[in-house]
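Structure incoming, see below.
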Amino acid sequence: MIRYLAKLFNALAKRQRSPVKQSSVTKLDSGLTHNLKHIMDELGNGSDVVNRQFLIGRSAPVLAGVIFIDGLVDQEMINDNILQPLLRIELERPVDLDVLEKSFLAVGGLKRVETMETLLEGVLTGDTALLIDGQPSALLLSTKKWEQRGISEPDTEVIVKGARDGFTETLRTNTALLRRRIEHPALRFDTMKIGKKTRTEICVAYIQGVAEDKLVEEVKKRLRRIDTAGILSTESIDQFIDDAPFSPFATVGYTERPDVCAAKLMEGRVAIIVDGTPVVHTVPFLFWESFQSPDDYNFRLFYANTMRWIRYLAFFTSVLLPGVYVALSSYHQELIPTNLLISMAAATEGTPFSAVVEALGMGVVFEILREAGIRLPRPVGQAVSIVGALVIGEATVIAGLVGAPVVIVVALTAIASFLVPSQVESAAFLRVVFTCLAGVFGALGIINGLIFVYIHLASLRSFGVPFLAPVAPIVPADLKDVAVRVPIWMMWTRPKSIDSPDRIRQAMRIRPEVPEEGHDDDRS
Amino acid sequence: MIVIFIILIGYLANIAPRLIADKQWKELLVVGAVTVCGIVLAGLMMVGVEIPNVTGLMSQAFLKFYRMIGIKV
Amino acid sequence: MVLAVLVCLLAGGCWDRQELDELALAFAAGLDYDMEQKQVKLITQVIRPGQMKSAESGGGSTGQGGQKASFILESQGKTVFEAVRKASFQISRRVNWTHNMVIIFGKGAVKAGVDKFLDFFVRNPEPRPHQYILVADGDLKDILNFKPNLEKASAQTINGMMNNTGVTSEAYPVTLQEFVNDLMSNTKSATAPLIKVVGEGEEQKLQLVGTAVFRKGKQIGRIEPKETRGLLWVIGKVKSGIISLPSSDGSEISIEIVQASSKIHPVLDGDGMHVHIHVKAICNLGEQLGGENAKPKKMIEFQQWAEKEIQKEIVHTIQCSRRMKADIFGIGEAFNRKYHKRWRTMEPKWEELYPKVKFSVNVKAKIRLIGETLIPLPAH
Amino acid sequence: MKLERGKINGLELTTLIAGFLFGSAVLLFPGQWAEHEGWIAILGGVAEGFVFMLLYAALMSRFPGKNFVEIAKEVYGPFFGSLVALAFIGYLFHLGSLVVTDYHDFIKLTMLVQTPSSMIVLVNCLVIIYGVKKGIEVIARCSQGMVTLLCVFYLMIFGMLSMQIKWTNFQPFFSLPVTKVLWAAHMAGSFPFGETVAFLMVFPTLNKPEELLNRSLKALFLAGIYFFIGSIRTIGVLGDTARLFLYSGFQSGRLINIANVFTRLEIIIGVNFLMMGFLKIAVLLYGCALGIAQLFNLKSYSPLVLPLGLLMGMLGMINFSMVSENFEFSSLVYPVFAFPFQVIIPLTTLVVALIRKLPKKGDDDN
């Protein structure tokens, strides 16, 4: 039935796409007043639209007018660099735009426009339009300036060592952040506007020659296919270009950190930056990336690897622990060490519910608390979490509603699930499924479930790259960053699974070595 | 058993229209045949008809044959 | 469709589910046989988890409410399985055998032959192959009812004792797996430790009092702890233990066995069957009351005494086994391995042949360490 | 028209065949028939399997890029070819159902005693069907990870049990009647080694056909070593009692006990069995579906997978009236029963092809 729904949607989409977008071009009129009126009508006489008219020149004054939108422009700049010079003009002969452009306007970005649409677009993005009576064209003076959030450390991806800056809501800032990190001319930003109403600017970033051209084309194709009223966040883009929309696993990666994004670009991936969201998406996204953190590369080798394996462990814990607990406690008692079994039996003595119900129930309670903690304002949120932890956890056990083991299990699961931020959603979903399976079939259910998920993962593809690579299919060269994180100087090739045109990342044999007579130098 | 039954019925109901829509009569025939076999078998087992244990009988036959040609087993 | 499947699964699901608070864990099984009624008598020791865990446990096994941490169920049946189910029938929960630790046979059982009781424990998936097999010397019920001092249930005590026999090596702990293996052999006679409750009132304690010897599942005799060690010497299962003997000048010395190994060489030639048993033992000097310093020469003397002592133990055991015509060492299998062809003829009348086997025992003892003192404390 | 577009590389083929061979043999290990000389039987079985593999490879190299159904049609002509192919497919189907039976019996005996058979079969079959619908490529991809995991588990268990192995259990050597050992060897040859005949449906998807023999022999020897170690472990640990148990491998797993800490680990063996059983049934089901689809020149095999899979499962439920019957069948009847399908049909096909000088020059490509 899902397939049918999909078909339906496709049909609708076709119907929508069929009428071609009429791009009516209205030339500018030579009469200033008429133009201004037209513009004001287009903008519906918005309260934030400023429309100033004035005379230029002494002997034969010409009526001129500037239009800009308050809040998007730099007032001082307009006053000092546009109005002042224009009002001080001492010319005898009649002025026209060329003259002004050449010798009076002290503005960097400056554009000559003939049509009403381009003018409006310019004005709406924060330019100032200068029109002169008797001329069928106008000047767009770039005076963009608006309030924006400064660059701050992202909350979601906090790291211990390494850069502290994060992306902001402004596209330009973000591209600048990337440029600052990758100064090679091959870094490309191809922008396009998506969304009929919002006209959101979207930028596909990649490094020419490192990213595969086919991949870039594919990304652009998928982006072009999007035909919707408005894009308000990267997430909505993501859902349009995702390979497996009905899978619990996301096949598009995201990051708030320029350094991470730059690293992925360097590996031959493509980044999608959307104006208005501080989150940048990178494709193709492989399963194992979700276990990699910038810190892995900043910390010492052994610690970093330990942490990575702990992350793997944590993911499995957060997915399987409740299920395993249920399976063991209510199906396979013979697999529990005797003393542990006695403790568990003693703890669950006389609890009203079965292990499955307990696990599921406590899981739901936890999710509720988490949601509350996030949504509520900080101080209240803490209060909620305390209440939840103490009251729910403690009281239920004391009241004998649930056994202590379940509470421990759920708490452990919850904590573990936070170690792998980008898989929280999938883990939360799978956890429930596995608990149910365990409740019905015990270990059999869990094993079959695992096989099922494994097949599913192996069958997924992210922009043509197998989602589970380099583990299934095995790509030995790429295991250097999955099984263990080898020293950086050993990673001399780019990931093979994302086959980038130039495979070599760095020179081989650049292992740090002590110079022969280094010691003597030290002594002397 | 009933679950299998339901699944098979549902599957047939799901796939038949598509095959008809795509005018794949041969597919429809084969798939339909196999599925109907399944449905019938599932139905019989569901209502508790004693199905002969095919392989079991076969092995009995083989053992008889062995004895006929005089192999001690 | 998917929904329908899920509903069916969840609705019909949970067939085998057994919550922890729905099962009664059996820790020990006592098996006995009633000859005239032809009834298997099963005594099951079931534990109460709550009491097992309770911190304040007055006098070992009684928890809060004065309840014992374990209690026993008595049931009868034509077969073990029947009795097992009747045991569950007596209480509110189903008896779960997955954590059973010990199986103890009573007098009747060993007389009737234990083989007919074990099939259940091997066939059924619940019981584990690591349960210890014992034979009760005395009343079965006393043993299972025994109030241990350290543990909560007597089964745990027995289990611990079994794991701990290495300290003297005077008992031979047998797991279900090994026992069944021995029973399946035609010639080797299985053995199982004997256990009994000794003492009265508060001084009651469990004690391993030797080893029961079986033939074809029936008990045909017993050997004493010392002789048990002899058996262990031969099959190389001695872990540790103390040999104490009078030194030349009358003062006692005791030698600690550290590790031991053995080899059995069967030889079959014209004038009958010989078996050469080589035993190697590595010892430490554990204690020396008076006497001279631990000079190498002295040590060699000690070694020779130790060897004699060990040899004595072994020979004694061999005589016992001859008397019982019970091949407890698995000599027959040794012959089978070496002289497979001729063994076929010997196997049927092995019971008669066994006593005729000529044993030659040679022991090599070695004293490595002498403890932390060089000279013994002067004894006055 | 090609039904299967997926391609598998050499390593994937190796692991897939290995997993297929492990299949249900992880539990009912071949060579149990020859009690304490099972290891000899295994070696014999490997030798037999080696010959089989050569035969299949020869057939494949003669008809590159074609699977057995296509070959049969070409060799015997449309009508008889279809009959032969049908018999072959029938064998695969029946074999699959047998594996399902083992699967289900094992679970029923050890894990879920009261759960209705249909449920057990259903959960297994659904997973398998899902896998097969995803195509051989995905299955092969999964097989890599699974087989690796299996080997790790396996060595772990062997290491834990190596302390308990009694080498005297293997003596006296060569004491059993030769016929018995030979029979056991042939049993091992027909189950599991001969069953690689199913790969006549899979081989064409190999991306480098020239690697075929090399890769599949690697898999064969991997499996051989595995079973050899397995028999050593089982016999060495269980000794005489190995005869006693239906799943002696599983039983030996129950004996793991290291300082009372690492104990009760037999579930690992169960997990291995479930994984490998999945691979085996998946390959067989794939073979069936693909074969039938080609037999009737269908456009795709995927609509056949679900009904076939469930049918297989149900047949698996009604194969035998009791487990002992299954044991009798697999020990006495199967080696004879399977011989025609495993040897005679491929052999005659090859011979006929040689006689008729097939394939004609020119249509070698495709």
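In this document, chain identifiers A, B, C and D correspond to the written order of the chains, with residue numbering beginning at 1 in each.
Note that in this section a residue touches a chain if its C-beta (ideal position, glycine included) is under 8 Å from a C-beta of that chain, and two chains touch if they have at least 3 such contacts.
Computed from a predicted model, the values in this text were never measured in an experiment.
When C-beta pairs in contact are tallied for every pair of chains, the largest tally goes to B-D. Overall, the chain located most centrally, as judged by its C-alpha mean against the mean of all protein C-alpha atoms, is D.
Centre-to-centre, using mean CA coordinates, chain C is 43 Å away from chain D.
Spacing of chain A relative to chain D, judged by their CA centroids, is 47 angstrom.
Averaged C-alpha coordinates put the centre of chain A at 51 Å from the centre of chain B. Centroids of chain A and chain C (each the mean of its C-alpha atoms) stand 67 Å apart.
Shown for chain B are the residues in touch with two or more other chains, namely 3, 7, 11, 14.
Residues of chain D in contact with at least two other chains: 111-112, 115-116, 119, 263-264.
Contact with two or more other chains is made by residues 1, 9, 12-13, 16, 128 of chain C. On the chain B side of its complex with chain D, the touching residues are 1, 3-4, 7-8, 11, 15, 19, 24, 26-27, 30-31, 34-35, 37-38, 41-42, 45, 51-56, 58-59, 62-63, 66, 73. For chain C in complex with chain A, the touching residues are 1, 9-10, 13-14, 16-21, 23, 25, 47, 49-50, 52-53, 96, 98-99, 101, 126, 128. Interface residues of chain D facing chain C in the complex, by the touch rule stated above, are 109-116, 119, 168, 171-172, 175, 238-241, 244, 251, 254-255, 257, 260, 263-264. If you check the complex, the residues on chain A that touch chain C are 1, 329-331, 333-334, 338, 341-346, 348-351, 354-356, 436, 439-442. By the touch rule above, chain A contacts chain D in their complex via residues 331-332, 334-337, 441-445, 447-448, 451-452, 454-456, 458-459, 466, 468, 471-474.
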